[in-house]
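Dropping a structure here in structure tokens format, bear with me for questions.
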């Protein structure tokens, strides 16, 4: 949150989510199961929100369920949700099953189990990876996770850069077949030029909030 | 406890027990002994009880005795009981011997020892798995744990779904032969339809509180 | 300390010692060195003493010296003694050398070293196991530990059930040859009937406090 | 910070940076990944600054990213930056990728990734090692790290003693080709005589702040 | 500090140093690197000093540099020095390089490095073992450590019992060749009779404070 205080003032209207924990990707899971400690507490975020005047609406936390260190992360995630709700902040839990114990991180039942943990933890939202069933439709496989999450709303990780039309079709399937509440898009936006990224984000927005068709969304992207 | 605050208001009359710790079942004991950290403190629960107006009567905690991490769990369980009693909350300790050190988790002496630990910790109730003696009657084998628990009341874990009549007979045996104070039923209820589950729960209630016979309880279930 | 608050009121005149830490015996030392965390702090005990009105005079703590985890236990024991003395409570340290590093837990020099640690920690009392020298008299071997403990008074663990006369002779030897200040008797009392246990306890008391002979103590036991 | 309080008074005008963590170099990474705990908190530094009257402007912290212990260091670094900024102190993060997971600590992409972490942590400055690309120019390779650091200003570690002219040329390249904001010089200064060291420091200063040419800087060194 | 409160009153004029951490010598370094946690905080010592009225002037802490656990000890040592100085207490750091990483604990450069760490930690004094160079004079080899310690005054560990004259000669060499500020003598005093120990201590005192010759010190010892 360091320099945001100095420069974030340029973007006062943007709603922020502060991610509470993170790690590098240098230590691989065959060496050690993933471990990610909190960088900040919710109390830190509240203090920062007041000092900076930024529009901070939510906090996020990643739980690597199935890691030998999941106990510490489940504890921190539970506390993050409990405290965030006391301060009127939304929560998003990144639920990423990962560790030596797990043969296939994208197994639909495993992803659904992770979404269920986010539900137990009482998060408003959970972000999961798009499952890859051995057979059958991915969007249908994701539906199990949406159900398992209960009243916790599920959003899907965007993954690596793909063709725009394919991306929009996948998102449409997730929203309408799986029942997700949105999508966390990163590389598909910031690896484009500003102009293209804005058009792309507008297309995603129309798909998600206005429920337009894939073709209409693509037309928005095409400008 | 997150979303309960938002939605629990629908069920203001239901008595709740808040489980303080939990884990996934992804890391198996041949990889690492079970470890379950607190998600919430008793103080968190008290704060939440006041804010939500929910009828929270008890807290629960699981101790995996025999795990290489039992030291941390015994510490947290002792603190949970000590603090809960200061706030007028009942306590239930899930006492589950588990770890590389243990060849047979359902050995009656091991289960009795675990029940005795709950007694040492001063819990009001303890929940144990139904022991499986190498020879002889299971209900009689469980009596040793009831005695070992002392003034701590013992309730038995329900286990997987079984035939209703068998379930009721087993519960009757536990109550009348072993001397348990009840039963923690999960899958045998929530894997039935609502209507069947309600009749089933009524039968269990009649067996436990009204001391009816197995046949009478079964008749209640049959409606 | 949980249920003691509820039921302890029956025995208001009995002086209590609250043991601050404990563990199960399920994890053996060839699997992992012994580790025993505090269940309660001295502050918890003081709070409980005031709330319960019980006659709590002392706290106890077990240190497994020679364990890979001795650092944590030495820290907690030092704090327990320091804090107990501030609150007018006596302290007893169970000093049990145990761990992969130790070939013979009952080596007289090892027991004496452990007693010396209790002295360094400033405890009022220390409880040690009865050493077994390779040659020579056990009671004489224990004298080394009494000297090593300095101003900390040494009491000897009772061990498993033995013949009454043998028990009384051993205790007499410990008191008069070794120079101990008493004996911590468990199984030799609670594995007897109430009536026999009371007579036995009276015999032990006469030996310890009235310095009677073994024959006279035995006559008390015989009633 | 111990004796600085006593003797630092001699140098009231010198701006100080207090390094918050450190370690010896005795345990090598093939034995254990690097681990460096905080010695002091920012709160300690602030207290010390007030008591000593010294001109303390900044705090520093080393993160060994890629170490199995990076989680603890990332947590402490995040807290250090967050707290330092609340007290008006600048921050410098030493970002040193190190650990069994890393084949080549001076890989330009790895160094750039580490600089990016410092940016995420919101530090004012980050100090990195000078990368060694398998092919091509080192100063150009470092530019990637400068970009990755974002608004966090990058300074380069000085390394072992080298020829003065070579040192000045390298620094010039870093400033003008890579885009660094300075250089952290140690052994190249304190392994010289006082007189030579002063002339050397003047040359470095002229290069860095006055943007003089290498020849002019060398002339300053030559006196 | 336990019983000192009770009995220390006999020796009100003796200046005390309270050692903050300690360990047994049972776990050897081929099993596990040395680990020594704090028993007391400086705040505990200050409280105790006030309650007991004893003349407590200093605190001590042992750092096993080169141990896999040095991070925890460096942290505790830094805090001990920082806090002690705030309370007007002197500090002595026992700097003992020890661990699997170190082939020769008495290597002069290693001892000097450890002394330098005590200097970085800002301690008033540091106690090191007498180095054993592969070749050359020990007292000269120790001079490197005296220099490395900077403004931290160095005192040398006494080691096992040796001939009195040899001891006095060694101490003289350390004071006058190495530049130490004294010597920490244990076994060479307490393994003598009271009378001999007093004469010995007087000889040591004369050597150290009055700078007498070895022969004169020996004469004092001889009485």
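Letters are used for the chains, namely A, B, C, D and E, taken in the order the chains are written, and counting of residues starts over at 1 for each.
Note that in this section contacts are C-beta pairs under 8 Å (C-beta built on N, C-alpha and C of every residue); 3 or more make two chains touch, one makes a residue touch a chain.
All figures in this text were calculated on a predicted structure; none of them were measured in a lab.
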Intersection of contact partners for chain C and chain D: E
Equivalent-chain rotation between chain D and chain A, CA atoms, steps of 5 degrees: 70
Distance between the centres, which are taken as Cα means, of chain C and chain B, whole angstrom: 34
Cα-centroid distance, chain A relative to chain E, in whole angstrom: 56
Sequence positions of chain B contacting 2 or more other chains: none
Overall pattern in which the protein chains touch one another (line/ring/star/complete/other): ring
Ring walk, chain D to chain E and onward: D, E, C, B, A
Touching residues (chain side chain B, partner chain A) in the complex: 1-7, 22-24, 26-28, 31-32, 35-40, 44, 48, 51
Sites on chain D touched by chain A in the complex: 65-68, 70-72, 74-75, 78-79, 81-82, 85-86, 91, 97, 99-102, 110, 113, 117, 119-124, 150-152
